[in-house]
């Protein structure tokens, strides 16, 4: 076999279905478990958050108005694409210290998780919506509608499964998101962005930034066009407080979930999907 | 022609040339005041803590007036930090003690008792509500009090059925709930807060608004009469500072607040960094969209209900009328005629449609907005009705010639003031309706079913009233999108605000 | 004015109409305003007898009652009209001479209207010739429900012509029209075809007059007035038996059309037993004592 020098991959961010570089031009070094350079990841700035939120907002109406069956099919399609590219993910996971079995299991569970939420898209309305027996001549029903643009701080130590587990319930319910990837292991998130990009997820529905939570949390939480924010890692008291305080600027919904074991079935939950739904109640008279 | 009835002293006027209806009637309704003889108002009300009426630790009281007469009704105790603390302690003790040890079925039965007792004393509560807050007796009698009782009745039934409410989860109460309610529907908001909290097994510390604490203190009497264990319901009175003490108390597990978006944001900020759960039901600027194929006379009546119900002191009021251009003139004409038959005045008169503005402060706020409206170029229409000399009254008002950029279109006025804008297409109507940080409620009027579903689904608000407005029911979830709040009250959805789901 | 295309409907929301009525029913009419309204109601009454067994004797007694509703109170108003079948018009006319009380006659093959138009026109002409001041016609409900709006329109216009100087009240028989939209459409049609009054019912079909139907008709009158400046009268008929109901109807009129309709030129009650209850309430208001029917003549 002839000699082949490996072509190194450039990991950029994922915004609006494209892979731009951070507008700041900044980067940070990401290393593998051996301490070797894995990538020069984008060190995103406040303006990247701004651009991503704008893009996400633009995609919101279209995604929210997709029918549930279609959203389910698209989530399933993501799982299919992940299955097809599992080798690349397993390889990447092993570079950051997963054993072969662990990497396999991580990808397997990630695929299953996508399918789990794919199946919920056309069911949660029936389980959690309601027809309300009001005491007047009105037909009254409550349905769930997506909250809107959701910020997500992906789990730091579960760069694939954790990432998939926070994105899936949010988009299954018709929301769009701007995700801040695991700071230490951002490469998996960009690989996953490639999966998203080759599935049928419309551009802008999922946007993935890389960088530092310390720097960006303020901008995620204070942005007036972000409707909700999800994080699952324990944050330090100051940051937690800062996020909550900023959230009060626009009555942002802050969803804090303490999830450590992403392999557990308990970490998949339609109630997590429900955290990003608004209940809309409609009244109409009943008469001739 | 035959002899007519004796109408000599008030001859009817001839037809005016422009086919204008004449509502300055030859036949006026005589006053029909609801009697207040049977209600007792004490000179002074204490705090209700741990099943007892106790004096405030600092011995301070504040006066409460009837906004229709500006006369002092009574005095309420001002709860300060020490009182808040003893209320929370009592609630904690009850939560960890008796309230948790009794069966869910018994918990429900206490709530059924409260519902029934409220019905038994309904007229008394209605009269007090009108005297204290200025709302017309027709509303307090037919809306506030019956709905409050219905709320207790509805949630009473949930108490022993919570396992069926959230599939796959085991519900548990949160603990001690701090609840702060507004002055626009004092008793009803109390019911919205206390009924689900208790049904879910929590205990509460509730603070009514300082201008409308009377029915809450009367309700405390019911709690005693119904024999609820001490400390399950604690009701303490006071102003914003007392509310802040509740919000900031370390041993409270959950805060439920209904009120302005401004204060709601302050509360959310105060809770930052804590693990207290909270639900907020905040302000709104509801759009009332009328298409040209709507049932127009009913739509006019809908507008009246949307903006003049409870003097417009309604968070979900339809305060922005958006009307399709083709019918705008006709609708506005009909609306003006309809407004001429509104009766503004004594809240206790059974014929009063619009009572007193709740407080001097709110009266000034509304007038300030009217001034701003005029400064920004709005045309003002007010009906010619007479209003009393004493007390705080504002004539029902329309503001036309306004646009999205006007302050009166953007901000919540919380009074009987409607802005009117026109639109040409459904898309334009939806765009204008959603062009606000609020998202509580909206109305859509059209005879076409498919249009209702389309417009209804595009409105970003927690409630959509189609061909109706300002309807409430204990089974119907209520709450806002965006800056109009977090969480839902009412219905099954209202339970989740008071439960941990494991 | 452009003629309306009656194949389209003015949308009416059933539930909201009834809510509006229920809100209007909450008006509390007390003291002086109650006496005033009761007297007004009495003055608006079309005292009616429409039975197969009607005889001159019965009609004469009714006319006596019309002229002097309650002998003990000579100052109370007389009723507006006496309403009878065409062959009783002459009897009534003779006995009401000089009283100012009108004679109204039902005509047009009342109550069904199921006769050829020529017969109905003759019926109308006969009543007018006999001296009827007012004619209460019925519309062809069958044709209306079959969508033959122009036919219904033309028939009303033909009867109007046959009426000459007599005022025409058009009975829609709302109990057979089923929906408020139909009531509204029939109202529009009757007004445009020349009716001076629109009237709910014959009294032979249940439901007869209801308040929601009356509200819908008053709103139709209002819209017609907005467009043309013409004031059309309103007559609910049938099923109105108590003074309390009468007051509720007056509230509907007052708050929908205003003061100008609060007289018997533009509003009537078609009723046979209402008068006595109204009288009893007037006496109660003036004496302070609750009354017994034994003291009020049953004619």
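Each chain carries a letter (A, B and C) given by its place in the written order, and its residues are counted from 1.
Definition applied: a residue touches a chain if its C-beta (ideal position, glycine included) is under 8 Å from a C-beta of that chain, and two chains touch if they have at least 3 such contacts.
Here the structure is a predicted model, which means the values were calculated and not measured.
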Thinking of each chain as a vertex joined to the chains it touches, would you call that graph a line, ring, star, complete, or other? complete
By Cα centroids, which chain is closest to the centre of the whole protein? B
Using the average of all C-alpha atoms in each chain as its centre, how far is it in Å between subunit A and subunit C? 70
Centroid of subunit A to centroid of subunit B, CA atoms only: how many Å? 38
Cα centroid separation between subunit B and subunit C, in whole Å? 42
Sequence positions of subunit B contacting 2 or more other chains: 467-468
Which positions in subunit C touch two or more other chains at once? 13, 15-16
Where subunit A touches two or more other chains at once, by residue number: 138, 285
Can you tell me which positions in subunit B touch subunit A when the two form their complex? 150, 166-169, 261, 264-269, 271-274, 280, 282, 437, 452, 456-457, 461-468, 471, 473, 475-479, 481-486, 488, 491-493, 501
Quick check on the complex: what are the subunit A residues that touch subunit C? 137-138, 285-288
Contact residues on subunit C for subunit A in the complex? 13-16, 18, 178-180
Looking at the complex, which residues from subunit A come into contact with subunit B? 127, 130, 132-136, 138, 140, 142, 145, 147, 227, 237, 240-245, 247-251, 253, 270-271, 278-285
Taking the touch rule as given, give the residues of subunit C at its contact with subunit B in the complex, in rising order. 10-13, 15-17, 19-20, 26-34, 36-37, 39-40, 42-43, 77-81, 99-102, 219, 222, 225-226, 228-229, 231, 250, 254-255, 257-260, 262-265
